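Given below, in the form of structure tokens, are the structures.
The two complexes that follow have chain A in common; it is paired with chain B in the first and with chain C in the second.
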Partner chain A sequence: MAIGGRQRNHLSQAQAAWLLLLPFLTVYGAFLVYPFFRGIWISLHDWNLLAVAFNPDAREFVGLRNYERILWGRNIEWAALANPALQITGMIGFGFSAFLYWTNRASRATAIALGLAAVLLFVLPGFHPGEGGRWYDRRFWPTVGNTILFVGWTVPGVTLSSLVLAAALNRETRAMSVLRTLFFLSQVLSVTVVTLIWQIMFSPRQGLIANITEAFGGSPIVWLTDERFAMVAIVITTIWWSLGIAMILFLAGLQDISRDLYEAGALDNATGVRAFWYITLPNLKRTITLVIVLQIILHFQVFGQSHLMTNGGPNDTTQVLVRYVYQTAFRDSELGRASAMAVFLFVIMGSFSILQFIIGREEEN
Partner chain B sequence: MPSKGYSWLVTALAIPAFLWLVPTIWMVSLSFQPNDVLARTTSSTALGLVPIPFTTDNYEALFAFGQTPWWFLNSVIVALGMTLGVLAVSTTAGYALARLDFRFKTPVMILCLIGLMVPEQAVFIPLYTMFADLGWHNSYHALILPRMAVPIGVFLMMQFFRAIPNDIEEAARLDGVGWLQIFRYIMLPLARPAMMTLAILTFLYAWNDYLWPLVSAQSRDYFTITLGLASIQSNFAQSEGLGRVMASGVIASLPVVILFLIFQRYVVQAMTVGGSKG
Partner chain C sequence: MKHILIGAALATAAVTGASAQELTLGRFFGACEDAGTDTSVSVGEACIIQSIINAASAEIDGVTVDTLPTDWGNYYDQIIAAYAGGTPPDIHVLHRHRIPQFAGLGALADLSDDLAAAGIDVTDWAPAALDAVSYNGGIYGVPMDFHANLWHVNMDLMTAAGLVDDNGAPILPSSPEELLEHAQMMHDATGLDYLAADFAQFPIGVRLVLALMWQQDANIFDGDTATIDTEAARNSVTAITQLFDAGLANPQLNYADSQQAFLNGEAAILVNGTWVVDFYTAEAANEDVALSNYYVADFPTLFDQGATWADSHMWAIPSSLQDNEAEYQAALQVLAFINDHNIDWARTGHMAVRNSVLESEAYANLPHRSEYSGTAAIARDTPPSANYGAIQDVLNRELQAIWLTGKSVDDALADAQAEVQDLLDR
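Now for the complex of A and B:
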């Protein structure tokens, strides 16, 4: 009786599918898709949080003016060597990525991404206010710069140390598994616990670091309020916090490298450091790229460390993009401008997500 | 038979591993020292890494006054609510996308994929205004709902369901079992390991989330422990005493650390999947 027959009280495949999708699509539409477009819409308005809360008509459509106000200024000029250090680095980087591309040392996606980053590094710092000009928002680009600086220190720091650790810990023994657990443990702590610990670690009066310095007769560094050290302190904290996940991803990548390669390498006297250099690294190239891109996405969103440890200070040296968005929205009540910054953030992070997606695809093929 | 090189490697790695643990040990150790001692020095014994003089006053004070127990409870409610919510919407949607055929399947999938690119930071302002218009701030659902919309769980479950062989489903179809029954009685029990991974990923995220609770919960009654800890740490030394703040930090970390130690395999897997997929 049941053969070939769909019983009448059963839903068709399509009906069942939509019914099962409905709960997710509802929350997805309501709390992600709609807010996303609403965010873009808010960014096109002069929108004061408090004024609009009392009177919904208090917002005013201003087109792209919020974007102009954060990104641009009066009498902005461009010169090839306005910021020589960065721009020359950009030029060298472009040459380097072209070299990688033509010699097939990197995959096409990696080379193009590197090249694009290098071009941006050459073009963007070239803009500067000319005679009598100024940026409309003096804090925006320095904030972007701080965020990039943070990412630029944290990502190599995490990547290098976790790669070395993963290679050393890649053995299935009890001792190694305990060590892996120890290195990973800090990863599960929340940002407020991590900043609580490190705020006091760095404290010049009570901190463990100051205690050690004093035991050796040195004078303690005022880490969090010294312009030279505040960003370093935040980077150290972040490396301590987020090394675990990179290590885990590397360990997963290492599992995929065939043992035969190492055995063959051992015959050629490639063991230990040499094996790491000639066998592990080349075979781990994709994982390394993936981890780097992932870290860039992750750390570009830095907020808690700066918000809780230094309040963006001293003198704005640790002010980062998300914290600036948060402050503009909820301290200055300028939702329109803050939303424009959030869209800017989305564009940057979205491009890295696409890159991540492409690399992930390549990996599968 | 461990070689000499191996023992040497373990010893060499034990030193950085211990250093890596020092900040955490320090927090625990400080939480067991009297506040009046800490006001003078934080390095009584072995740079403060050993809690001598020892006291449990900080923990007793924490549970006697202050809002820490309440915040802890809020965190439990929010984290469990979010975990159940994410599991419910992700398993159903993941199954539909992985195993069922319907019109517009590809567009729906692409729409969800695009959602992976949208970071929380890009939508928290419009979400704030929406929830303010609805009068939903300072409530548990305000803390829970936005995360349920993140498609990562759907992709995780989808990948899992895709890997299940077709014949189980086909046999059930031939017996006239409906799609919803197949999902409920065959697929869900099979999906337990994947659900476990997703549950842990979500719980960890919910427990540690900071930005959205900071924006949404303005009333201290709806603070999660993560947020509450942030609110007391800014003036830690003056108001509550260093030992007590550290005790709050320990309490705030206990559930995730215990969860991690028990379900380490799942946590690592969750991080690998969650990490490589955004």
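Now for the complex of A and C:
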């Protein structure tokens, strides 16, 4: 009887699990799941932010029209060589990934991912407005292109520089731990502070960079308003800002590598750069994948750097997707259209998350 | 003990008074930490307006005003989001050009019937000021100024280039050809740029081009039809790009850099608004600043008729505040206080809106005031539109593409035309 009573007072394991998960699920549901589906719901409407605030009936269900308005156009045609540079790169990329797979240089998942990216690179740039046609939204695809360009420069930049830094700082001395802290410090700054610092650095009149160029007799670059340098400027800023986390991840990965491997390598005359190439890099493979995927997802959401440093300019060369979503929603009050763009961004980031999941599983196997 | 606590609470309530109203206020103009409550000594837009707000909070019985932190560049985005979330500030500033967007949706309180009781004399407002706050027969705000683009002039450089008349006033161009000629004279005499402006950040370059279009009796749209890809627009743009092409002006300076170039004596003329007149006057008096002989001129007429870009700042109350009579009355009192201090705000360099201030000696004696007295008569703006912000952005982008990235004038105007038409069609 006593035992039975105790059992009655106890929760089963599943019940306990649900109870403990409840606070998390509530918050997760209320602040992530619900807004996400609500966003999709809004994207199916003609929804003026201000008008609906004053009159809830001011919205109109339009189905997929918002998606058509941002993604498509009138008389859109496809041609195999509408944008030769990108499409040929795509074809070469496809051949390359097939080659990697058949020669067993890349795993199946990596080859499929690479091949898929190459096919997209071949197919997507092929669409263009035909005779008398036009994109409904002339800024959307260039903005997507800018965002990809930003990610394409920032992610390798962050990965390479943080890897080199981590390898250099992976020693147990006081100086190294001070340096590690210093390099991590930039990460804790907010985007407003970071962009302010770099706006001053890049200023052609009083900036450090301009002063150095002038000291060597050059004329200063007007970084933020020159079409050729504006994107570079925000990439440099972002690399400086987001080195820290990647560096910490690499340090953790480095410390996981057994000392024995280096000792064995040293016997075979593999030290310094050779040891880094043949021992460190192969053992860091998982960390590198993790860092790259995390950075891709993070940097697709770039907003502050573009918004605060260049206002998306000059001539829209640094206009990025989140800033376009923001402007459409809050400046133009077109919430439905902005939500459709946000869903598009979600699909891009979601596919990278799935990719990471697949690669992670494959490595475990 | 319990009784003492209740007693203390009741006493506090009695002292603060049941009518104590705490109002939130949203504004741009920048931050000023130590503005104080003396409205007659502060300098610059941020400190002058904050001193007026602080004084209102201190002097109006039972009303305290809390200024919300907002940022210039994102001000309207913040205000729109606040309205959408149902928590707009109790009082906020806005431009004349935003009235169609906000009042058109019923966001703003119609103040017509309540202004007189609050001590605001509508008949004292200049006709253009009343017009600025009126929309569909209602009055949706209390106007605070007219502001416009001016030519800020460094007279030492103009003298060096021989561009000063017998009365000591600058000789300004009267045609695009003369503009180029004067710029060349400046370059030959001093090696410096004739004209600087923010062509790379805020839409000051847009306002310059718009002014030149209005001077040809043209506009960027007419009703629902965009009219940007026109000969008038081409003339306006090339009047400016000829300076860049000849190396007589630098299109890459942003707001801060162009202002610095002018203060450093590196450019003879800066195109900027009325809001900096008191600041430049103070800087010119500073021995460490290269600019010392400062003059303010009306925007010159390069084509057929005078025109310069202009707008108005005004104060509005959300319509939702009318549900709470006590708060609404408190907000009206703050608007009346700001209206009473129109002369203090005019110290910035802005033009006053009240006839009694415009005709006063104190106003006439403000620095440089007589030099740009012609501006009120040539003040213009684009036709009203709920998409004003987006349209300005299109123009700013395409014009910057011309002078910063070498896009051809024809392509840029055609693209601007198509995009503005899209916005008008939405």
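One rule holds in what follows: the second predicted complex is superposed on the first by the 335 of 365 C-alpha atoms of A that agree within 3 Å, B and C clash if a C-alpha of one lies under 4 Å from a C-alpha of the other, contacts with A are read in each partner's own complex, and residues count from 1 in each chain.
The rule is short, and it goes like this: contacts are C-beta pairs under 8 Å (C-beta built on N, C-alpha and C of every residue); 3 or more make two chains touch, one makes a residue touch a chain.
Here the structure is a predicted model, which means the values were calculated and not measured.
In the superposed pair of complexes, A:Y326 makes contact with chain B and with chain C alike. For chain A, the partner that touches more of its residues is B, with chain B and chain C as the two candidates.
Using the contact criterion defined above for the overlaid structures, shared-chain residue A:P314 touches chain C, although it does not reach chain B.
In the superposition on chain A, A:V222 contacts chain C only, with no contact to chain B. Using the contact criterion defined above for the overlaid structures, shared-chain residue A:P204 touches chain C, although it does not reach chain B.
In the superposition on chain A, A:S186 contacts chain B only, with no contact to chain C. Of the two partner chains, chain C is the only one that A:R138 touches; chain B does not reach it.
After overlaying the two complexes on the shared chain, residue contacts for A:R361 are found with neither chain B nor chain C.
By the document's definition of touching, of the two partners only chain C reaches A:F54; chain B does not. Taken together, the two structures place residues 49, 52-53, 326, 330 of chain A in contact with chain B in one case and with chain C in the other.
Interface of chain A with chain C (complex): residues 49-55, 134, 138, 203-205, 222, 224-227, 311-317, 326-327, 330-334.
Listed in rising order, the residues of chain B touching chain A in the complex are 2, 5-6, 9-10, 13-14, 16-18, 20-24, 26-27, 30, 38, 42-43, 47-48, 88-90, 92-93, 95-97, 100-103, 105, 108, 111-113, 115-130, 132, 145-146, 148-151, 154, 174-176, 178-180, 183, 204, 207-208, 210-211, 214-215, 226-227, 229-230, 233-234, 236-237, 242, 245-246, 249, 252-253, 256-257, 259-261, 264, 267-268, 271-272, 275-278. Residue ranges of chain A in contact with chain B, taken from their complex: 1-3, 5-7, 9-11, 13-14, 16-21, 23-25, 27-28, 30-36, 38-39, 42, 49, 52-53, 165, 168-169, 171, 173, 175-176, 179, 181-193, 195-201, 206-208, 211-212, 215, 240, 244-245, 248-249, 252, 272, 290, 294, 297, 301, 303-304, 308, 322, 325-326, 329-330, 335, 338-339, 342-343, 345-346, 349-350, 353-354, 356-357, 360. Contact residues on chain C toward chain A in their complex (touch as defined above): 73, 76-77, 80-81, 83-86, 101-102, 105-107, 200-201, 252, 254, 257, 260-261, 387, 389-390, 393, 397-398, 400-401, 404-405, 407, 415, 418-419, 426.
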